[in-house]
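In what follows, structures are represented as structure tokens.
Each of the next two complexes has chain A plus one other chain: chain B in the first, chain C in the second.
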Partner chain A sequence: MEIVLAQIVNGFSLGSIYVLLVTGFNLMLLVARIIQFAYPQFVVLSMYASWAVLESTNNIFLAALAAIISSIILNLLSEPIFRRINNRENVDINASFVASMGLSMIIVEIMSHSINNGFPVSFPDYWGGKNLFSFGYINLGRGEFYALTGGIILVAIFFYLLYHTHYGRVFRAIAESRKTAKQVGLAVLKSSILSYLVAGILGGIIAILFSMLLGSASPWLGESVALKVLAVSITAGLGNLKGGLYVGLSLGILESLAVGFLAGSWANVIAFVLMLIVVLTKPEGLFGAAIE
Partner chain B sequence: MSITFNYFIGFSFIYILMAWAIYLPYRVKDLHFLTVATMAVTAYFSGVAAVNWGWPFYLVLISGILLGALISYIISFVIGDVPTFTVVIVGITFIFITKTVIENTDYLGGTMGFFAIPAVDNILLIMTGITLVISYFLYMIDNSQLGRAASVIFADKKMAYSLGIKPKRIGRLFQTISGGIAGSAGVLYAYFTGSLFPDFFSFHLVGTLMTIVFIGGYSTMWGIIFSALILGGVPILLPSAVSSWKNLIYGVLLVSVILIKPDGLITKKFLWKIKNKIKGM
Partner chain C sequence: MKSKEKLLEIDSLYLNYGSIKAVKGISLYLKKNEIVTLVGANGAGKSSLLKGIMNIEKTKGDILFKNNKINNLATEKIVNKGISIIPEGHLIFSSMTVWENLQLGVYQGNKDKDITLEEIYNYFPILEKRKEQKAGTLSGGEQQMLSIGRALLSGPELLLVDEPSLGLAPQIVQDIFTILKKLNKDGFTILLAEQNVKKSLEIADRAYVLKTGEIVREGKANDMLAESNFMDLYLN
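Up next is the complex of A and B:
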């Protein structure tokens, strides 16, 4: 029983990260109308940025800042690419997916050739490795604690902004109908760029929390996370923010429970098989897709 | 022929077949990555059938094609007419599951790989023959009523329904044929290389195939031949210091093509122009 509890605690921490990633991914899908498959790669590259700063300065504030700034820059740099795709007469969302796959390939290759000779990087213990609380099998590390609390706080802030502020309402209006939003005079382009900025800030914080939770990063981390984020988004219903919250958290818990009882690679398969069953029986997702 | 040149030709054929397996369902806007999982299943099936059961090559080839088509046919019942990204995630999930099962099954060699698949005489000639047969088959589909119906579905699905076209039925048919093509590619790959490693059948292969399809052009089947030779085959001829950067080059090319020439380098319009020029000469 203690093992199950311990794994559930781990699952909540991991699930919080998935929720944040899916939220950023869905935000860009709804507002900027893109399938940003490279978003988790941007997060991993930002983890590398914070690692590089930690290695050279040992300053955690500068490292955190590096993660956020690099994530913002990466997201904003990708904006003109996707805007050009979306400005075409016949907007094809597949094109944004293919382009983001290309971006993803570029980032993986840069990380696997140029940073730390392609080897995975390890974050120092003071970054998130220390144990905060122990009870039997239940160990709560600083990384897990920050991921969990940070995740909850960030999601709460995000949803508050989305539902109780002017820009949040604009975002939701654009998500509902881009055409109508334009007709009633909402600044669609400005909001779209703003969504990249918000996703960038969110990505930077995810990079900090994720690196604290895992204690390491590798060039191939983003790829597996990207597949999970896409799977969670589709299982929940493409673009469904609340659905992403439930499914992301469930995936984290499920994965952690599977890790506790199965060999490493099978744990991921269990989660994917369950999501596959959902997708095959309910192709529009558990909570319904927010976009066609 | 040198071994390297042999590999260049052989891998080019495999990439052409696999890219066609992605191209055909994309005629109705399905990004059908299940083909990579199907290729893995049929490749390992070939290995086991040849090494452990002693089946002859042609029996394995026919069984592989049928097995690939059967897998896709069964799955197509569910994903025949679902949104594009549901098809994407089903494909990716199957790749992931197939790879994990292979890696954890000792009978299939696990992560160490499956070896000693017997060589077949004139394998390149057989590959040429199969590629020609499939190219003729695809050409016939493209230039039939079915191909025209697929073009309508690609352009406007609602319009297709209004015209009495059945997108689900055509989608399922294309997915099944695509599974058969991937099945043939899996068998040929197993016999050509003589050994199998689960790492080959990963998301990287999806990336390579997507690059081949989108750079060559997804509106006709001919661009793929050109891009498979350049992007799939040429890296084999290059020194490893250069070819190790191939994914970076693929990524840059993919983004550039989507931005500059989203239909790919060789389009239907481009082929018509060439045809008219030749006629005018």
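Up next is the complex of A and C:
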């Protein structure tokens, strides 16, 4: 029983990271109208940025700042690329998917050749490795605690902004119908660029929390996470923010339980089994797709 | 007394959808406080012209608003200048509440506007009653009122109204036209594109008759209304 509880605690921490990632991914899907497969890669590259700053300065504050700035820059730099693709006539959303896969592969190559000679990097214990609380089998590390609480706070802030501010309402209006938003003269392009900035800030904080939770980063981390984020979004219903919340959290818990009870890396398959079942039985996703 | 100042002037405007020429060299003007209607059969280019003015569709030619060229401005900038469009098909954001839809208008447009949410609720009391409701649950007529309310809240001087009667019951159509007339009395200039020729001529000062993207007649709305063979000559 204690083991199950311990795994559930771990699962909530991992799940809140998935929720944040899928939230950023869905935001870009809804407002910028792109399938941003490279988004988790930007997060991982930003983890590297904070690692590099930690290595050279040992300063936690600067390392956190580095992750956020790096993520904002990466996301904003990708904006003109996707805008160019989206502006072409008769181009559907899959064009952005293919472009972002290409971007993702380039980032993997950069990380596996140019950073730390391609070896995975480890974060120092003071970054997130210390144990905060132990009870029998249940160990709550600082990284897990931060990922969990940070995840909850960030999602709460995000949804508050989305439902209670002008730009949140504009985001939701564009998400519901880009065509109507354009017709009534809402600032679609400006909001789209703003969504890259918001996704950038979110991605930077995810990078901090994720590196605290895992204690390491590797060039291949982003790819496996990106596939899972895509699977979560499809399972929940593409672009469904609330659905992403439930499915992301559930996936974290299921994976953690599987790690405790199944052999090898079976846990990594869960997301895709779920996705396959949902695609076959409920193609719109468990909570319904939210894009036109 | 109606002022003689020209609010909108269009000179030799062209708009194409690929190889289809929807607007072919149209020139027209609107004076302040006028209601001008564009009448014509389906496909005459009325809606295209309104979309062209808002730069929702690209055009060639000159569009002057208060003597300033607005051709290449982004749609939201045109809204800031003081033109709002009420698009065809009562377009609203159905997953958002009535209040949220109206708020989209509040934050749009001219910053010095003096129109308030209370005034919109005075024009359309039903919207206040339904303010917490999802806009998608409103009736067609209520959605049209919401669409007008949102456009008004961006503080326009000129309202472009595209087929407001489309898909609405006759009594609701009458209500919408009464409101348009009231808005005009309260100082709004209106350019109306409408297939319901009789209704639109009844409330308009002047009219332009469009046929396959060109103006084939212009004049006072009353004169056209008085001609018994007007419909046969221009609209069939």
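By definition in this document, the second predicted complex is superposed on the first by the 289 of 292 C-alpha atoms of A that agree within 3 Å, B and C clash if a C-alpha of one lies under 4 Å from a C-alpha of the other, contacts with A are read in each partner's own complex, and residues count from 1 in each chain.
Just so we're on the same page, a residue touches a chain if its C-beta (ideal position, glycine included) is under 8 Å from a C-beta of that chain, and two chains touch if they have at least 3 such contacts.
It should be emphasised that the depicted structure is a prediction, and the values quoted were computed from it without experimental measurement.
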Which holds for A:E284: it touches chain B only (first), chain C only (second), both, or neither? first
Which partner does A:A49 reach: the first (chain B), the second (chain C), both, or neither? neither
Would you sort A:E176 into first (chain B), second (chain C), both or neither based on which partner it touches? second
Counting touched residues of chain A, say whether chain B or chain C comes out ahead. B
Contacts of A:H166 with chain B and chain C, given as first, second, both or neither: second
Now for A:L186: first (chain B), second (chain C), both, or neither, which partner does it touch? second
Thinking of the overlay built on chain A, is A:V22 touched by chain B (first), by chain C (second), by both, or by neither? neither
After overlaying the two complexes on chain A, where does the chain B footprint on chain A coincide with the chain C footprint? none
Interface residues, chain B side, partner chain A - complex: 29, 31, 78-79, 82-86, 88-90, 92-94, 96-97, 100-101, 103-104, 203, 207, 210-211, 214, 244-245, 247-248, 250-255, 258-259, 262
Complex interface listing, chain C residues touching chain A: 51, 54, 56, 74-76, 78-79, 84-85, 87, 91-96, 100, 103-104, 107-109, 150-151, 154
Which part of chain A faces chain B closely enough to touch in the complex? 35, 81, 84-85, 88, 92-95, 97-99, 101-106, 108-110, 113, 223, 227, 230-231, 234-235, 238, 263, 265-266, 268-269, 272-273, 275-276, 279-280, 283-284, 289, 292
Chain A to chain C touching residues, read off their complex: 166, 169-170, 172-173, 176-177, 180, 182-190
